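Okay, so subunit A shows up in both of these, paired with subunit B first and subunit C after.
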Partner chain A sequence: MSTPIAECALRLLDEEHPLDDYKGRVPRWCTGCGDSAILAAVQRLCRDEQLAPEKTVFVSGIGCSSRFPHYMNTYGFHGLHGRAMPIAEGIKMRRPDLHVFVITGDGDCCSIGTAHWIHALRYNMNMTVLMHDNGIYGLTKNQASPTSPQGLKSKTTPHGTLLEPINPVSVSLGIRNASFVAQAVDWIPDMLHDIIEAAFHHKGFSFVRILQRCPEFMPGRFDEWVQNPDSMLLLDHADGVKVGPNMAKVYRNLEQHDPSDRNRAREIASTYHPMPVGVLYRNAEMPCYEELRKPDRMYTSGIVKSVLEKEFDKFTINPAA
Partner chain B sequence: MSETHSPLSAFHFTGQMSGDGLFDIGQHGLHPALFSAYEDLSKLRYDYPLVLIKSANGGSCLISLSDIINEILRTIASPGIDGERLRKHVLRLEAKIRSLTRDGNKGTLADLWQLAEVDLRARGGDNGAGTALDDSMRAARAALGVDGDIVDYDDDTPRKFLSHAWSVAQEDKAGKFSLQLDEMILKLLNILKGDSMRSATAFDTDALKRTVGTSYESAFDFESMSDILSTAFVPGALPGKRWRRIRSVLSTLKAQKFFPPANGNGAKKRRKNSPAYVFDHCAPAIEAFRRRLPKMVALVKAMTIAQLEIDGRYRESTHDSFFRHYDERYLEAGDLAMFPTYLICLRKGHDAKAEKADLVEVLSSGLPFKVLLQNDDIVEELSIGSGQFSFGVRGSQLASLALGLDGVFVLQASGADLYRLRDQVISGVNHSGPALFNIFSGRAGPASRSAKNAPDTPLYLRAAAATESRAFPVFIHDPLSERDKESRVSVGGNPQPEADWTTHRFSFEDADLQKSSADIAFTFVDFAAIDDRYADRFAGVPRSQWRDDMVPVNEFLELDDVTAAHKVPYILMIDDNNVLHRAIVEVRLIQAARRCSEMWRNLRNLDGIDYSRASKAPATKTEPEAPQDEVAAAAKTAVNTKTQADIEELPSAVPGEPYIETPRCTTCDECTKINKRMFAYDDNKQAYIADLSAGTYRQLVEAAESCQVAIIHPGKPINTDEPNLSELMPRAELFN
Partner chain C sequence: MSTPALKKKRPGGLPPSARTKQAATKLTPAAKQRHTAPKIKSAMELSEHIVEIISDSGEGAQRCGQSLAVIAARMGNGIWTVEIIPAEIQPPARSIAGGSGNRVRLATNRVTNGGDEADLVVAFNEQVLLGRVREHELKPGCIILLESKWRTDGDPEVEAAYTQTYGELVGSGYVIHEIPMEIECLKYVADARRGKNMFALGMLCNIYSLDMQVAREQIAFIFAKKDQKIVDNNIMLLEAGQAWAEKNLDIKFRIPPSQLSEPQIVVNGNVSLGLGVMASGMEICAMYPITPATSASHFLSEAFENVGGVVHQAEDEIAACAFAVGASYAGKCAVTITSGPGLALKQEVIGLAVMTEIPLVVVNVQRGGPSTGLPTKTEQGDLLFSCFGGHGDNPKVVMAVSDIEDCFYSMITARKIAETFNTVVIVLTDASLASAQQPFPRPNVSEDWMAPPVDQSPIPEGLVPYDWDHRTGLARRFIPGQPGGMHCLTGLAHDRQSCVAYDPDINHESLMHRSLKLAALQKTLKTPPVFGEPEGELLIVGWGSTKGTIEEAVTRLQDDGHKVSSLHLRFIQPMPSGIKDILSRFVQVMTVEQNWSDSLDHELIDEENRRYSELATLLRARFLIDVDCWTEVRGRPIKPGTIVRVANQRLQRKG
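Right, the complex of A and B next:
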């Protein structure tokens, strides 16, 4: 509980965090990697929101994307492949006061981490998930991922992938409890920043799929959209993201899409021509799991001790016996 | 004016009865015709009695007996014969409870339910169907999910109603406050505990032994454990000043007496010693607030310091001096909203003048005082003596004054409207600032006059009549309402708010015993007719003297002066045998009715209901901003496929000068890798040309070619002596 006067007291502190306060180590991504744009957008968000670095945590799995926590000067957890979400959920349950971000990739999230991803959507815990989708396993040097385009030749698919790629946005919209689903691209940094900002402000599980260029292993994959602004479809709405007039002059293909319209969101998400960018679905009324599980009493040290002792007593071995 | 009309007109203009025929309505027991349907309230299912629910559990804390019974029947009474039988039994039970309450029996709903059940069983229920009655009673009792004190309508009901709503709100606030305070205390204790666990004392052999307990003492080598722990942990005790500050804050938080503790420990004792928040006058309430103010300041200060310490954001260099000078001047509305509110129950009729100044101070203070101003008479006797009727003026005066004060929640209503407006009453009770509840109890004059004003008309009915007749209309002013500022007063709680007077369908038999019906208005004059003090302002007219120039009061009020001079106003009344009569009205009462109508219209104007002009045009949907409209329209046109270079970009400052569309930069490092002095990142980590002279035109062109979103525009070379320009220029042109 914060008293109003506490807000005044805090304003007395001259603690402003410039963007550099959020910079961690020098990024080792390839030149031209879309991860850099995402990093820049997230650091801008942290600066604009003045997030306390000690109250912010980035949780990642394994992949190029998952180097992210090392490049942020906040708390971070670089976890196992596909396991970023359960770690983030544990952090959120125990420390609901922290700002929790999850950085994952297409392989980390849609392959090994699929089960966690599906149920994380169901839990709808308050965190922001950024899925860097470059359509390839880049860190391990060129293996096909679940979102690789059909026919892609890689080290594991020398004759080309046989299957249609999974559409993470469509899958997310199919989960009943999903409360925020958006799609962004790394080559429109303003929209990328605004979408991440909207995701951060949403109370619940915010899933943002970011189509991200990989110049090393997937060069030219997105050229069709990067070089042709009219092949992008920007979703504009007061409840989603507002497209500014300058942006609208470059990207003229706009649609007024109400994020509460789940059916229309599914239609929009199912196509890449044009490529939709914006907030597809948002439902602020969906309850968060950590609120549903909020205990009705405080866990004082006395209670914790008595519960632990009760459990340990079940396995007690009396040394005197 | 003919000789035969003159007695009627004479009475209308002078109030004097002359000639034969006209009679005193008081002696014949006449009352307004529209009251015929409400002769015996005990046979009607209406808002009373009311149950003051003890534990609302998210539901309402005020529910009428009828609504409780309706909910029970909705749950257990299925369609069909069995359901009808059950319905009949339960409704009889309700009638019995109502009767017990009317007879003065007090207690909870459960108590009276029990008494009513016993009575019903004693009478045997349906003949030979005692089992059916038992089953019905059992089912109904099982479906009864609430309990609380049961109250009927009397002149103390407004106070009981508001007091209950207030106390439930206080309990809810107390629960939330105590939980949050306990959480704060726990977190501070954790800080101190963490400190003590890192201290040398915690690693002491004896301390470690105590944590394990005596049962397994021999299983551990505590000395070795102490040695290891002492070296493993980095010492770092809390600075002494911080430790003392946290201890001081903790003692203030634990010692607060404004609310009882959440865990109930010592709650009874604490409740007994807790300060009073209900008063009968403003002065002691103000005095109590002032007396408690220093403790409030101390608690807010302690909570603020606690919050900063828990977040690790207390800075002694800044905050020590801030809190040293902190006093009541820094308290904000949000701080005060945490504390209990004060309930002041004022009853007009005693020391109203002395209270007025204090009341204005209370309402204009912005402090969380809730004031019940109960009016027991909306027609002051003094004004009667002077010849002018000032109905409800003094009562409404304060309410109108409160409207002009910023941030005051105002609710005016009669006691009969309270149940219907319970949600708004609860909103007022929960309002963070002052609230005024101006309530008419239905009494006609102070209690001492009740013997003279024989209560033939139940108080509830009299109160309802005040609302129906516009004599004491409902209005609500909620400062936090989302309505526009000009129409924050709501009169929607009145019956038929768009009309000057309420009208009701009245069925009767004519002289030929044929059924007929007509719409009859209920005006201020009808309200006055139920008050014995005005009996001499009316004169009953025998049927044989009914004339065409007699018009109902509501129609009379619409006439122009010339026409009205030839008409005589009347109202319809009935006697105890339900025979219809007409009673003509004296002119001063008509003038009062006219003033009443004017006041009602003014009130409706405040709500934006303008009776004199066409109603306001409905608010139009806000049109989208023009640029977005143009954009949306553009989006609907055919999309032309263009390459990046063909897009019409924002013009550069100077034609030919190189530039970067910085807002569209994706921070990919392509250009900075080529020349990190020529290209740099701004505060948003997006590239711009930092120093053109730090690199070559070739580097500009190569950066443009490698930029993945093609936002670098090389322009013309500034150094025309640079080699290979003829090769570079055509390459640059693709990006210019």
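Right, the complex of A and C next:
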């Protein structure tokens, strides 16, 4: 909330933001919800990066995960179902000085907002996108989503879903302009943090799909992976995220995957057994739309006036002398 | 080659022109004498004339018409242009519905609309001409300059169609001059299809005694981006047309220009909008291609970057609106430009901007609806939708522009209102204004028009994001980057701290404050002036592009001694004070609009089920006055003569 002006000035002086500076309202997610792990990882990132809260904007859509911005003490924009990305793009276009995060869910991103997601990958604007994927509509109380596993019984699919789920990582990798695609899981918090950190440091549109547990409607959904570390595949690379020695003791299934290898990334993305975690693809050279469209200089009202006069000249008829 | 019909003397005293190349070389003795004599064709002086140039799509009649208008305007004539446009990009050649071109109303004084029927038509084939005849767009006895090549096309069907149409039209009293445009153009260029329009322009310059130097300059301007050779070729054709008409036609008019007192600019409504966007200091225009709005973005795409602006072509209409909302949220007010179907798609995002109180300008260049409707044709069918679209209580400002100049200034006004009241402003224009050209005084650019820099100062202690002022409903907007202003904006019901709140009192309070802003704005609006006497028999009320037409009709009615006045509304929501008072001073009040209303003439329609037009519905609901309506939804601008006829009927009905 609003902060006393004197306190603002003090903060400008010492610039030290403890973790609490990033904590907003008390989260209202269910106990055991994977969103809490993501929130913790993001707050840690903000603290570690010492992001100025007033220069940071979290944009979200609608759904359980999209309550996220309320729980941050930064600027937040909790908008419409599916429309977080175009709103975030509008923000970034004129305000490259702001750190822009997008929080979205599987319904938000892979269903109602799919067109925006595809094109956001194409625009490649510099923002960090965290797609909380629990495979279910939670806020509207238990309807199948595009990422629900085939056969899932829900309120709208009493006999089980008939279709194969969409694979958000594969789809993202299918867009030629995609510059950062990663997958994380809420039950390996250190990897989650490191992947989000890598996403944040990537200049471009960084898309992180986070498998996230919903204890309310999808209990046990990810048990086969949560309970068996050998069912996970950790991607280890200096250009992606490094898997630490302690982690490697638990998760023995590692692959040295170079994130510049898009073809291998596609192969890895297409499998769930084992479940890949890490940076699948990264291309730091992909141009960002906001930079391509950046004004070449500061435009004062004086410049605008003179340009406008030149435009008028093109269409002007003058009285006979 | 000449037909018997051509040998007859034309009514109106204009002799037949040379019809074909052969005919041109075999002039009658009288004609010979005319042409060997020094060229002192006396021009008939007119106060105005309506000219149409019509061709198959892609033959350049539109460019010819627009250029004619600009040349005349440069000479000081009043002009108004109306685009004649088929819905398809490449309709079949020589089809009745495929005519493409321009109507130009030329006058001594300022003109405000396309007028009634045409006085002179240049047609590149007889089928497109027939289309105009069937739509009753030509005056009885209208002069027609018709491409004659079809008479000897070689295809018997084409020749038969031509001869038959020609005969019919002559029989109906039209004055047809067959012109060998193709043959003449082929003397200069290999493909007459590309260039015949300039030949036609040259003829028209001659017929209307326009300054050829101005015409040459105009061509150089049009083709400024092209090779000099293209400019030269077009000028050559222009001059050929001029010379040909001088030699072979005995039609010569002069519409004396009036003396310009100040510089004017000549643009169409969409370019005027684009210039207005630049002048308003807005920096983002997010759009998705849609007819007839897109040409505004075309202009901006060329010019906007020169003032640091960006035209963002989004992946869809919703994204365009959301992008604009995001840009407005983090900076200066942004604009999204669309047409009816796009406005429908944007509704949810517009509601978000209303709820979160983010300034936003939405331009709706209206077209025929519903659904895909008439994409290239004009209509005023989105008034109530703009006012009341969206779910829940969705108070937003709705303005309607009434002419080309207004397109420019409305953008500046809309941006200011949006930022002052942190609200959505919908600006309504339409397909007719989008492509119509009319000169207006060159604006004196003021830096006051432009948006102030984005506020990045710290938020003072104790301020909250929705600190609604109880008297005005206004709250200061917090912009990302402002220290101490961190909060989470939400489309959910929220309290002054921007916390999600489902509390009934808070919901009531926030609804009230958002609504109050319209009342606060309303207190600043001036009562619109009545055109004509402040009281009388009949008041015609209009909004949007019909202003010039209605006022011209009212002037004619007044000249006939009728006590008729008109009122034109620029602000529809909120509506300024004093309107009820104006309405109550007339025996009858009738709106004239281009949206649907049921006619009481139908046996099924009575006072209990009649659907009134949009503005009439609004006025009746607001003022409890028996406002009648007359509407026409034919996809083209209403003619002043039509309004005169309707008004006379109304006056007789109760008189």
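Note that in this section the second predicted complex is superposed on the first by the 287 of 321 C-alpha atoms of A that agree within 3 Å, B and C clash if a C-alpha of one lies under 4 Å from a C-alpha of the other, contacts with A are read in each partner's own complex, and residues count from 1 in each chain.
Basically, contacts are C-beta pairs under 8 Å (C-beta built on N, C-alpha and C of every residue); 3 or more make two chains touch, one makes a residue touch a chain.
Given the structure is predicted, the values throughout are model-derived calculations rather than measurements.
By the touch criterion defined above, A:311 lies against subunit C but remains apart from subunit B after alignment on the C-alpha atoms of chain A. Touched residues of subunit A were counted for both subunit B and subunit C, and C has more of them. Look at A:39: by the touch rule set out above, it reaches subunit B but stays clear of subunit C.
In the superposition on chain A, contact is made by A:86 with subunit C only, not with subunit B.
Of the two partner chains placed around the shared chain by superposition, subunit B is the only one that A:190 touches, whereas subunit C remains out of contact. By the touch criterion defined above, A:115 reaches subunit C but does not reach subunit B. Residue contacts after overlaying the shared chain place A:54 against subunit B and subunit C alike. In the overlay built on the shared chain, the residue A:301 is in contact with subunit B and with subunit C. According to the touch criterion, the shared surface of subunit A, contacted by subunit B in one complex and subunit C in the other, consists of residues 1-6, 8-9, 12, 54, 298, 301, 318-319. The touching residues of subunit B, counted against subunit A in their complex, run 179-180, 182-184, 186, 189-190, 193, 215-216, 218-219, 300-301, 303-304, 307-308, 312-313, 315, 318-319, 322-323, 326, 330-335, 338, 627-628, 631-632, 634-635, 639-644, 647-650, 663-670, 673, 683-686, 706, 708-710. Per the touch definition, subunit C reaches subunit A in the complex via residues 73-74, 76, 221, 259-267, 271, 275, 278-279, 281, 283-284, 286, 303, 305-308, 310, 312, 314-316, 318-320, 322-332, 334, 348-349, 352, 439, 442-443, 445, 447, 450, 458-465, 478, 480-492, 497, 499-500.
Only residues 1-6, 8-10, 12-13, 18-19, 31-34, 36-37, 39-40, 43-44, 54, 186-190, 213, 215, 226-231, 236, 243, 245-246, 248-250, 252-256, 274, 298, 300-301, 318-319 of subunit A touch subunit B when the two sit together in their complex.
Within the complex, the subunit A residues that touch subunit C are 1-9, 11-12, 24-25, 52-55, 57-59, 69-70, 72-80, 83, 85-95, 97-98, 115-116, 118-119, 293, 295, 297-299, 301-305, 307-312, 314-320.
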